[in-house]
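Chain IDs A, B, C, D and E follow the sequence of writing; residue 1 opens each chain.
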Amino acid sequence: MSSRGGVHRVLPWVLFVWMAVVIWAAFLWAPAASGFVGQSSRIVFFHVPTAWVATLAFLGSCIASIRYLKTRQPIDDIRAQAASALGLTFAILATITGSIFARIMWGSYWNWDPRETSITFLLLIYAAYFALRGAIADPERRAAMAAVYAILAFVTVPFLVFIVPRIYWSLHPDTIINVQGKMKMSSRMLQVLFASLAGFTGLASWLYCIEVRLERLRRARQHEELI
Amino acid sequence: MWRFLAEAAAVFVKDLRSEFRTKVALNALGLFAVTTLAAVSYTIGPYRIAEADRPFLLSALLWIVIFFAAMAGLDRSFVKEEDTHTAPLLRLSADPLVVWAGKLVFNLVLLAVLMAILVPLYIVLMGFHVSSPLALFAVLMAGGYTLGVTTTMVAAIIARAMTRGALFSVLSLPLLLPLMIFLIQGTRAAAEGSPDGVTQTLRAVISLGGVMTVVSVILFPVVWHE
Amino acid sequence: MKRSIRVEFDELAKRFDLRVIFRGVSGRAEPGEVLVITGPNGSGKSTLVAMLCGLLRPTRGSIRYVDGDDGELSRDEWRSVLGVVAPSMGLYEELDAMENLRFFAKVRGVHDAESLCRDLLGRVGLDPGRKTPVGGYSTGMHQRLKIAQALLHDPPVLFLDEPGSNLDPTGQDWLEGMVLEQRERGTALVLATNDRREMEWGTRHVALSG
Amino acid sequence: MWRFLAEAAAVFVKDLRSEFRTKVALNALGLFAVTTLAAVSYTIGPYRIAEADRPFLLSALLWIVIFFAAMAGLDRSFVKEEDTHTAPLLRLSADPLVVWAGKLVFNLVLLAVLMAILVPLYIVLMGFHVSSPLALFAVLMAGGYTLGVTTTMVAAIIARAMTRGALFSVLSLPLLLPLMIFLIQGTRAAAEGSPDGVTQTLRAVISLGGVMTVVSVILFPVVWHE
Amino acid sequence: MKRSIRVEFDELAKRFDLRVIFRGVSGRAEPGEVLVITGPNGSGKSTLVAMLCGLLRPTRGSIRYVDGDDGELSRDEWRSVLGVVAPSMGLYEELDAMENLRFFAKVRGVHDAESLCRDLLGRVGLDPGRKTPVGGYSTGMHQRLKIAQALLHDPPVLFLDEPGSNLDPTGQDWLEGMVLEQRERGTALVLATNDRREMEWGTRHVALSG
């Protein structure tokens, strides 16, 4: 127990150093990519990881929801809730970074690019998820209904992320590993990008653990107040 | 199998009878659809939109009206079971999947009635030129089915919540958005007579509908018994 | 002969929003017996009945339906062996009596629904030919129809939550006869009631304290 | 007079409470506006509508959305009183006009909140250029009021149609249709900055609203008391 | 002292869709008396009560509310002098008990609603501080709340349609006390019931034949 607690105390510092290095590398070590206005390509190191983490969090919320429906343990509901909240937050960050990016690259903050719109709807879906939670008083029913909705939401996400942008014409860059399987970035850029991806994933996991603990405490306190 | 169908038919007939005697859902849905359609066709008129824009714009408008009309009435069957306290007895008497199937068919029939009235009217009033009516028909069928499956599931969820009116649209619309995009593209393709666009849409819509059906069949009993 | 099913429940507890309604309630309903549940208003009689039917999850404790011959029934099988009359459960108000019964008969897969429904309506004192939607029925007629609904598939387990409420004296006498007859035919009955006379029909008792 | 207002306020507060039981659910209303809007702008947005078509297309869309919002929330208030059998006690306790006023205010407040969120967002998202915002504001106010009065009456009629046959709600169609047409044209005039069109619309809408108010005050007690 | 109002009805008849429920029913409820309406299920007791309240129009016959001093009341005034408990009338299930009572108090223009409602809830045995929506109340608690609602404005005319249904024995005793107290205070009571004990509270009787 104590050694585990020790690891838990050290990890955030490791993460802190890692992220500091990533930020330094993103601005000073990696070269600016060709084909981008000025130094703007550096935003990729933050934009892509936030989008990635959001997707990961939504996946996590879906998995936790399925588990909840199987086990009916409140902890799984807490996990699903925390993951959705995290996903929502990072999706907002991806939108903001993308929007800044868009202003520089395409000339305006909002272009009705399919990526922009599909992420808007991702945001709306998970906002709806929390509206649903707010509208059901009974904790067990709330958990079950929210879990079902999270699963439904995750069913539509692939359509939103993968198919819709391919139907509409888009300004947005292809996925990194595109149809031809070619990497379009320089190796230094890729190194920083992957380091950043790892860093953001770590950051998100940390936030997730905190949120889960917090929510457990919140519920426990509510319990006490009402009794 | 036969037994399942007979029981689902009983649920469907029961809902249809009740609706036929009160007509609340039909009124809500029909009133919205007919009013918007008539108002839009009168103000936008058949001739004003630039020729090149027509297929897309008219497809988009058509689906906006259909989706919004669906939002106005399709949650009724579940919400009413809860409001009038008939749900518990139904839970104790019928298999959950029978209930799901019966309500789904009921919603599909409502949608079919809506479309059967709305679409021909729309085509005539708006001067919507459709090159391949058969393709349009296929898109409408597939789209109606997927719309029905998704809203039926969401209706089952919100029936157990406290704030229903706004929540139904809030929960359904974002889920339905990809569908709406596909359908608009497909309708446009049908109007312009491009078979490729139509098959692409049909593929996407049908797979979405298929996935939703499978997920509903798995999850509906959970929602229903909670 | 109908199936003999025993309903057992053990150390049941129910909480709504952190308010404990009851805890540690155990008992059983044997075929041919009447388990009477008593207690003041709000003590949890109807909640207990709903839990025994499978409509509500117990917060703690277990419920078992045991078939005399084949052992325990799965939760999915409960539905087909039980009938319920409860004040919180409504019928379809736009449909008439026959349409209501016919609907429940069909979703339960009862054979010969038509003649059976007619017969039952006659037994509870309603007119099968009457086309008035149930929404226009008097409360007592409504209650009679609910009782008919519960008897439709001749279930081996019968839950009666305040079955005599709103019935006129003739109806109450008929109800007493029905309960006796069901007992003789080996039905396991669970009766939740506030009525002093109905309480006396019990062979076992569970008292909730409120 | 004060007493009338206090009683109507009680009806209003009661409806608000039962519709928005939890504070979180109130957010659902904002979310509803945003979702509806996003659904429309997403489908139409990426497409570049020809400059000349914009004013009336966008005006028509705007009113479709508002009308939808009005229908989605509003028609339930009376239907629910009938479904849950609370109507008789309300009839015996409250003055019919108090009920009417309370429900009307509830509907108007809902509409106002929705419009306050919807319209600015719509203008920004759709790039709707409005030449005279003040005129638009006037059209929205007058339109919102008249729409609210009309849908309140329609909702009461739909609820009674359960016992009185569907014919009634067909009768509401001729009420809603001209209103929608006026509003779309007035909004277009405001967008294009033609004062004549706006005043013409305002005159029509306000007189329609006035007539509807008078008719409602006279007819509501009749509809309400069977 | 509260107003003394007498309710008279004369040769009332009611028809639903060509089906005559009753005809030629006359009677009156005097202040300080209990008019008991009896008859089998479906004989028209509740219909008669609804007619006397003004919720239903009689097919034939007349109803008059007569104030001892000032003569006849207009139909619009009936509302303010009567209170009703009836099984077919529901409360707002999303609101809690206090919110329900407060609402009815306000639309009736009752003064000092807050303390009055608290008081009344205590009297009928409910907890004014409880925040459970009424939809989660037991049937007996529901019935108690309905009775509280009817007494809110201390009406000179009180219609009780099966007021004791779903009440536990304590509740029924309380109800009896309440009826006696209202009689003494000069309320005109109309009681429609199927319960033998409640029938005995009557000072006048109208029997419907069904």
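Going forward, a residue touches a chain if its C-beta (ideal position, glycine included) is under 8 Å from a C-beta of that chain, and two chains touch if they have at least 3 such contacts.
Here the structure is a predicted model, which means the values were calculated and not measured.
For the copy pair subunit B and subunit D, the superposing rotation over Cα atoms measures out at 175 degrees to the nearest 5.
Taking the CA centroid of subunit C as reference, the farthest chain centroid is that of A. Taking the mean of the C-alpha atoms as each chain's centre, subunit A and subunit B sit 32 Å apart.
As a whole-number value, the distance joining the C-alpha centres of subunit B and subunit D reads 24 Å.
Taking each chain's centre as the mean of its C-alpha atoms, subunit C lies 30 Å from subunit E. Subunit A and subunit D have Cα centroids lying 38 Å from one another. Within subunit C, the positions touching two or more other chains are listed as 16-17, 88. Looking at subunit A, one finds that residues 121, 124, 128, 131, 135, 137, 140, 168 touch two or more other chains. Residue numbers of subunit D whose C-beta contacts span two or more other chains: 21-22, 25, 28, 31, 35, 38, 42, 84. Chain pairs recorded as touching, per the definition above, are A-B, A-C, A-D, B-C, B-D, C-E, D-E.
Residue ranges of subunit B in contact with subunit D, taken from their complex: 21-24, 26-28, 31-32, 34-36, 38-40, 42-44, 48-50, 53, 56-57, 60-61, 63-65, 67-68, 71-72, 80, 83-84, 162-170, 173-174, 176-177, 180-181, 184. Looking at the complex, you find that subunit E touches subunit C at residues 16-17, 19, 39-42, 45-47, 87-88, 125, 132, 136-141, 143-144, 162, 165-171, 194, 196. Every residue of subunit B that touches subunit A in the complex is listed here, in rising order: 150, 153-154, 157-158, 160-163, 167, 170-171, 173-175, 177-178, 181-182, 185, 200, 204, 208, 211-212, 215, 219, 222-223, 226.
Of all the residues in subunit A, the ones that touch subunit C in their complex are 137-138, 140, 223, 226-227. For subunit E in complex with subunit D, the touching residues are 50, 53-55, 57, 79, 82, 84, 86, 88-95, 99, 102-104, 106-109, 133, 149.
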